[in-house]
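Just so it is clear, A, B, C and D label the chains in written order, and each chain counts residues from 1 on its own.
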Amino acid sequence: RSAVSASSYRAGDDSGPRRGGTVSVAINSDFTPSLLFSQSSQPLQNRLLFNTLTRYDDALKPHPELATSWTYAKDGRSVTLKLRDDVTYHDGRRFTADDVIFAVRNLQDPQRAAQLRATAAAITDFEKRGDHELVLKLAHPVTNLFDLFEFMIIPDRHTVEQAVTGKTLNGTGPFRLKKWSPGSALSLIRNDRYFKPGRPYLDAVELRVIPQAEALISSLRSGQSHLSYQVPGKSIRTVRDNPDLVVTTYDTGAGASYLGVNTTIAPFDDKTVRQALAWSVDRDRILKQSLGGYGLASAAPWPKSSPAYTEANRTHYTYDPAKARRLLKSAGHSRLTAPLLHLNSPESTAIAEAVQYDLQQAGVRVTLQPTDPATAQKKLISQDMPALWTMDHGFAQVQPATLAVSAYPFNEAKNTSKYRSEHYTKVVREAWTAAGAGTARQHALEQHVSDVLLDEAFIIDLVVQGSVQVASSKLHGVTLNKFMYLNLDDAYLV
Amino acid sequence: MTTTTPTAGAVPGTAPAARKAPARRHPYLAALRTPRGLTGLALVALIVLGGLFAPLLSGHDPTAQSGLGLAAPGTAGHPLGTDDLGRDLLGRVLYGIRTDLGVIALAVPLGALLGCLFALLAAAHPVADTAVQRVFDLILAFPGLILALAVTAVLGPGRLPVILVIALAEIPVFGRQLRGGILVQREREYVVAARVGGTSSSRALVRHILPNAADPLVVQLALSLTVAVFLEGAMSFLGVGVRPPEPTLGSVLNQSMPYLADAPQFAAGPLLAVTVLVLGLSLVADALNREIRR
Amino acid sequence: MTTTRTSPLAGERAAGVDAELLEVRDLSVEFTGADGRPVRAVRDVSFTLRRGETLAIVGESGSGKSTTAFAAARMLPGTGRVTGGSVLLDGEDLVAADERHLRTVRGARIGMIFQDPMTSLNPVLTAGRHLDEVLRAHGYGDRAARRARAAELLGLVGIPDPERRLDDHPHRFSGGQRQRILIAMALAGEPDVLIADEPTTALDATVQDQILNLLTDLNRRTGTALVLISHNMGVVARTCARVLVMYGGSVVEDGPTDRVLTRPRHPYTAGLLAAVPRLSAPSGTRLTGIPGSPPDPARPTEGCAFAERCAFAEDGCRTARPRLVTLDDGVRAACPPAAARTEPLSGPAAPERIDRPTPGGTVLAAENIRKVYRGRGLTGRTKGFTALDGVSLTLAAGETLGIVGESGSGKSTLARVLAHAHPSDGGTLRLRGQDITRPSRTELREVRRAVQMVFQDPYASLNPRMTVGQVVAEPLISLGLGDRRAREQRVAELLRQVGLDPSAAGRHPRAFSGGQRQRIGIARALAPEPTVLICDEPVSALDVSLQAGIVNLLGDLQRDLGLALVFIAHDLAVVRQVSHRIAVMHNGRIVETGSADEVCENPRDPYTRALLAAAPEPVPVAPGVVV
Amino acid sequence: MRSYLLKRLPSALLVLVLASFLIFGILRLVPGDPASALAGPDADTATVAAIRERLGLNEPLFAQYGSWIGGLISGDLGPSYVIGGDTADLITGGLGATVELTLGALLFTVLLGTAFGVLGATSRSRGVRTAVRVVTTGALAVPSFVTGVLLVLVFSVAVRVLPSGGRVPLLEAPDLSVQYLLLPSLCLALPSAAVLGRYLKDGIERTLGEEYVRTATAAGIPPRRLLWRHALPNALPPVVTVLGMQIGQLLGGAVLVEAIFAWPGLGQLAEQGLVRRDYPVVQDLLLLLVTVFVLVQLLTDLVYAWLDPRIRWE
């Protein structure tokens, strides 16, 4: 027997869905059960094991999942959900409104460290109308309720404590947990009782941990893995020309890299200086050289799919070292020095190096401080960041209000940059609590947020990273939700 | 210390007769003059000089990003091309050698020195010996790279943790060897003879035992230098190496990994430099070893 | 090789079959010296060996004995290569043979025994495996048969209880027993020729006696021809029918042993013989060395290599290389004047009495000394080994105390305890009446100045890293004697005193011969002007002529400096000649002490008697040689 | 031998105790803690504090140390903080993989090391000796992450004969397992094999000059047997010591190689544990590694004595 799959590997003609087969997904970091309810680095399995209430389409319009319909009250302070009544958990128990109530309460618990806790916390009361209808009472209108519904997986309320240790993962999703081998793989098999008839097509899914980028790519190239979202931009070249692999990019992006500025450290407390920094980075070059060209050079956090995305926002700052120097001079500086913290992974280091060089051209000399993730995280939370740092943030791919409420770097009340202003707070709260999404008024409010962000430049966005899917040409029907939950309901192998 | 007459002062050191006479060349020097030693020395010198004269040999700042992106050899005055951030590769390799040399030339001797001090301590008393042996065991027992991760996490990034980790790893290597050597040499007849001749035990240690016990250490030094290059590379790979953007051979190699298939020249430069250095060192170690064994 | 041989020793081969078994013709061997220059170790050596014959090769150290023997089996070490001549084994030239063929010759046709039994056996293989390997290599039977044969061989060489000892590792055997195992290995392939390179040099007299008996016995019973290399004339005299004398890489004399030894034709042979100490010579006689030093094989002379040291040299000797010419009685000698000489060479001058001072008062006294070596091994809990058990002795000023005893009897240990190299574990030591068993720092300094030691192994006791000057100056520096210039002068003086050129100070020990190294050791010991000099086998590693030189040097020093000497050796003959009194050691005790002549002539202890009986006499007492 | 082991036991225990202090101490010195790792990047300080409280990180250090050691002694390693699951399960899960990998690498180390050593010391062909030198130099010079990637490119991508990474446990499907094991253990073994080969080469060259080898040659023993039965066993004892130390290196090198070959072993677990500050996992794991190392040292000494009959147990 050979351990190398000997299947003929020509892309077969797609004769439509077929039952059977195992899909092997290459992931670069293991499933972390303790982070099941927060935006962890590895959320692919969430929509395989669990379901969410609704699902966004590309225009952020919600579609039914476990909730079949939803109606807002006029004042925007409550919403009525109708739930599916044909759903059972993997262990056979029926799904009811209580599970939704539990899921919300669960996210409200600070121990769960859910980023959308603020939104969940806005739900103050529940009114159950039978087992499959539920009214959520809100403290105030929120524009990003459906972000929560997109984000919030509905776990089995009886086994949630086992879930966060990875022992049982009882959900309603298309696949059941077969085995979690920490550090190695998460093995899932088909849930025969899945509420969508005939789905999923696949027999099993295997999420295999391959920490090292080159190894991950090799496993795709050698046909050992069928799917991955973690091929670094630099390496996509090597798979793009491979006839057995299909590369797809999602407009939602995969978070954005930014240059953070600590606004309490002089001279970076001066807005002009921060703007000078924003002018001095060559985003296009960073995109091309550090990210292999996959992504979007942008001065604003928004990916193309975001309602807040505008070309003007994107190009608010461009590469203009002369202007940067002028600004610095006008603020009274010709030479500045500062430390720049970054994660010690190859990708982050490449970005940091590019930023360092660009800043140096503008007269800001920075020393790089490669830092391991845990230390960086601690500094991020305890607001111990040095003058400058580069990192990634998420949450720009959904309702724009979510960013400033849930993503820590942008949080109006407390952020890593220690930037506080009443105006910002006001703008953010207005955008968040306005009733109704997608309206012109909402757009205007969102633009206010963008304006403050761009003008104050405490978070200087660099590039929206590309969300790149590399899949075997045998695999069809794969989708992702906005929070990188993998959806294989309709996926099949030919 | 008040003695004024030069004749009365006790003059330590070598007998002058030995100085004046056409003394035989030191065995280490003799070893380095063998064809093997010369080849090794030449290879090492090639790399070392490349590193030392990096500013002369490469007209580019190794951290200057030309905007070219990954470029093939020969592009616009970059003999080896540029890396993905558009930095001159030749410059990065040469300066990388320089950094590496700076690190290992400090770390390995430091580790060797500490190891030797421990070994001397061990030689002093059986109780100290047991203690020192346990210290060596302890250091050896920790996987080097785990140690690297921990030390860097505590100290922050930079050269210092790299130097410390390498030095730490070398302590038991040298310490064990010297301790063994001292134990063997101490029983040698010439040491007994020296003691009967009135030599104090400390003088016996310094004048007789150490010079003879040091032979394997010299060979080990060459070997350890190669291991240090290796360790530096591994640390770069784990992201706990020397602070970027300063190039090291390990970090340049690490950066070249995504391009291994498409742009092998990216990896070839640092790889060649490391290999030549290690080859040279191993030839030198071999030559020394042979000469010492004679 | 057929595998059908089953008889123990292939029958009793008739001795003295008159075919030429091994014929060496004009053999020359060169090494490449450390400086790259060729070293001509053997020059045009020829000899023949018939079946069952016994041939001895004698000569001083470095004369090319071992090299000749190795070349015969094509086993030259290092850079050695045969540069000319041939080695015919049953008419077949081994110089031209390939490795594969040579392997069938080695062990099966030519067996070899090496000098040092301690290092010539593989420490990780059992005695049985050693033999098994050889038997296997020559295709002897199956495993069980080989084992049986191995036991048989061990029995044959006189190891008791061979079956059981097969599974013992070499370190469990004594030196003599190891030498026997080596002989058994050499015999395992039933060779026609056995080459034994100084098989007994490392052994004491009693064991030597047993080994030689074994060899002659084997030769008689199995007809194996024997080539015995030795510089001990006594050994040669009692073992071999013919003798070949080598000097400077060439054969200088060759003939039946009794004739050559009783009437040497070559002056070198005569000198060699004269240098041999006789057990019969009384205490206080001087040994006769050969003046001068051996030739440097890297700088070959044009004429006779011995000419420089020869009392009979003529002008012709220095210009033309003498060839071996047959004199009467089958004796050949490479000495043109010898052919013309009719009367025997006047051998050694009549043994000269040393005029030595009469011993004075006691300087050093030991009472009831005990020394226990702590156990080694991984546990360190092995029982200690009692190397000295209640040893008492006294030493008077100007006196020489000889100590003899077999290997391992504790001689070196005693020497070290006396010289304070090791502490004793019991008993008292007195220096001029003062108790120095546990000396204080200042007392120890006094002891060091007064008591010095010359070590057994001249090379191991010199720090290879230091120049001779540094080595000799070391005690002066350590004891704080003199300033730098004074030391320099003293070193030069000491070197001169021991017969070395002061220019030697700048060179390293490895540039010196064994005898010279021993002199360096003596110079070092003399540096602090000691009153007591303890010499631990100072001559055992040296050949007779060097031995004579060193012994005489010690005698002269004693006379000039009034030294008290402790002279340790395992050769009774030497000890008798140099000592006033002799102490015989056995198993860590002194079993007998007395005046030198008394102990040798009227031994009381059975062990002393055995020692005396085993000592081989070099020459049958013959007319013309005054004893 | 029993008494030898008994004698070594206290000092081995001492090493373990010291190691436990060190491990515990270093972990607390390292900035960052499991609470903030658990809380995620967008948590606030209150969340972190709550988690700290829950994990018992607010207790005094000696109490934390005590409960760790207490847990160890009672055999209950407790849950992991961040990674999820029981520490004991995590470690036993990775242990099998690492043992497999280490043994595989050890096998390669010994085989290749022997080949390098023997060929380098005895081959008559200058070409072969040069080749051995170049290969060993390469093995020492080229970092594992490069060799690993190269091996995969050649054997999994260019010619698809071996899987690029992952693992099938040996007991489940030995035939498949071996194929998964081949590349990572080779990659891990190369530098060690080069070091071993070097020592072995020196050892063989030294022993071939010994007099007993001359004795054996004179007895007509063929070169091959001379090498394997006479010279090699004598060259081995010091090499065994080196090998013992190399096992430590192998365990350490596993961090890197396991990452490259997606080998779910202790190296990865240790790295993950350290990166996420999962104290229980790292503590127990490192202590385990130290224990293994101490045992290996003991074993080395035993093997040394077994190989060298002059050292006896008494």
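Here, contacts are C-beta pairs under 8 Å (C-beta built on N, C-alpha and C of every residue); 3 or more make two chains touch, one makes a residue touch a chain.
Going by UniProt, the chains are B, D = ABC transporter permease; C = ABC transporter ATP-binding protein.
Predicted model only: the values in this text are computed from it and were never measured.
Q: Count the C-beta contact pairs for A-D and for B-D, then tell me which is higher.
A: Higher C-beta contact count between the two pairs: A-D.
Q: Using mean CA coordinates as chain centres, what's the subunit A-subunit D distance in Å?
A: The computed centroid separation for subunit A versus subunit D comes out at 38 Å.
Q: Round to the nearest whole Å and give the separation of the Cα centres of subunit B and subunit D.
A: Taking the mean C-alpha position of each chain, the two centres sit 24 Å apart.
Q: Go ahead and note the Å separation of the Cα centroids belonging to subunit B and subunit C.
A: From the centre of subunit B to the centre of subunit C is 46 Å.
Q: List the centre-to-centre spacing of subunit A and subunit C in whole Å, with centres computed as mean CA coordinates.
A: Centre-to-centre distance between subunit A and subunit C: 88 Å.
Q: Provide the list of subunit D residues touching at least two other chains, using ranges where the numbers run on.
A: In subunit D, residues 30-32, 145, 149, 153, 157, 275 touch at least two other chains, as defined above.
Q: Among the residues of subunit B, which ones contact at least 2 other chains?
A: 149, 153, 238, 254, 257, 260-261
Q: Report the complete set of touching chain pairs.
A: The set of touching chain pairs is A-B, A-D, B-C, B-D, C-D.
Q: Per the contact definition, I'd like the list of subunit B residues that touch subunit A in the complex.
A: Listed in rising order, the residues of subunit B that touch subunit A are 63-65, 67, 69-70, 84-86, 149, 152-153, 156-157, 238-240, 243-245, 254-255, 257-262.
Q: Once bound in the complex, which stretches of subunit B touch subunit C?
A: Residue list for subunit B touching subunit C: 7-12, 14-18, 20-24, 188-190, 192-200, 203, 207-208, 211-212.
Q: Would you tell me which residues of subunit C are touching subunit B in their complex?
A: Of all residues in subunit C, those touching subunit B are 416, 419-421, 445, 448-449, 451-453, 455-457, 460-467, 469-470, 473-475, 477-480, 483-485, 487-488, 491-492, 502-503, 505-508, 511, 521, 524-525, 527-528.
Q: Please name which positions on subunit B make contact with subunit D in the complex.
A: So the residues of subunit B touching subunit D come out as 130, 133-134, 137-138, 140-146, 149-150, 153-154, 223, 226-227, 229-230, 233-234, 237-238, 250, 253-254, 257, 260-261, 267, 271, 274-275, 277-279, 282, 289, 293.
Q: Within their complex, state which residues of subunit C touch subunit D.
A: That would be residues 73, 75, 77, 99, 103-108, 110-112, 114, 116, 119-125, 133-134, 136-138, 169, 171, 182, 185-186, 188-189, 375, 377-379, 381-382 of subunit C.
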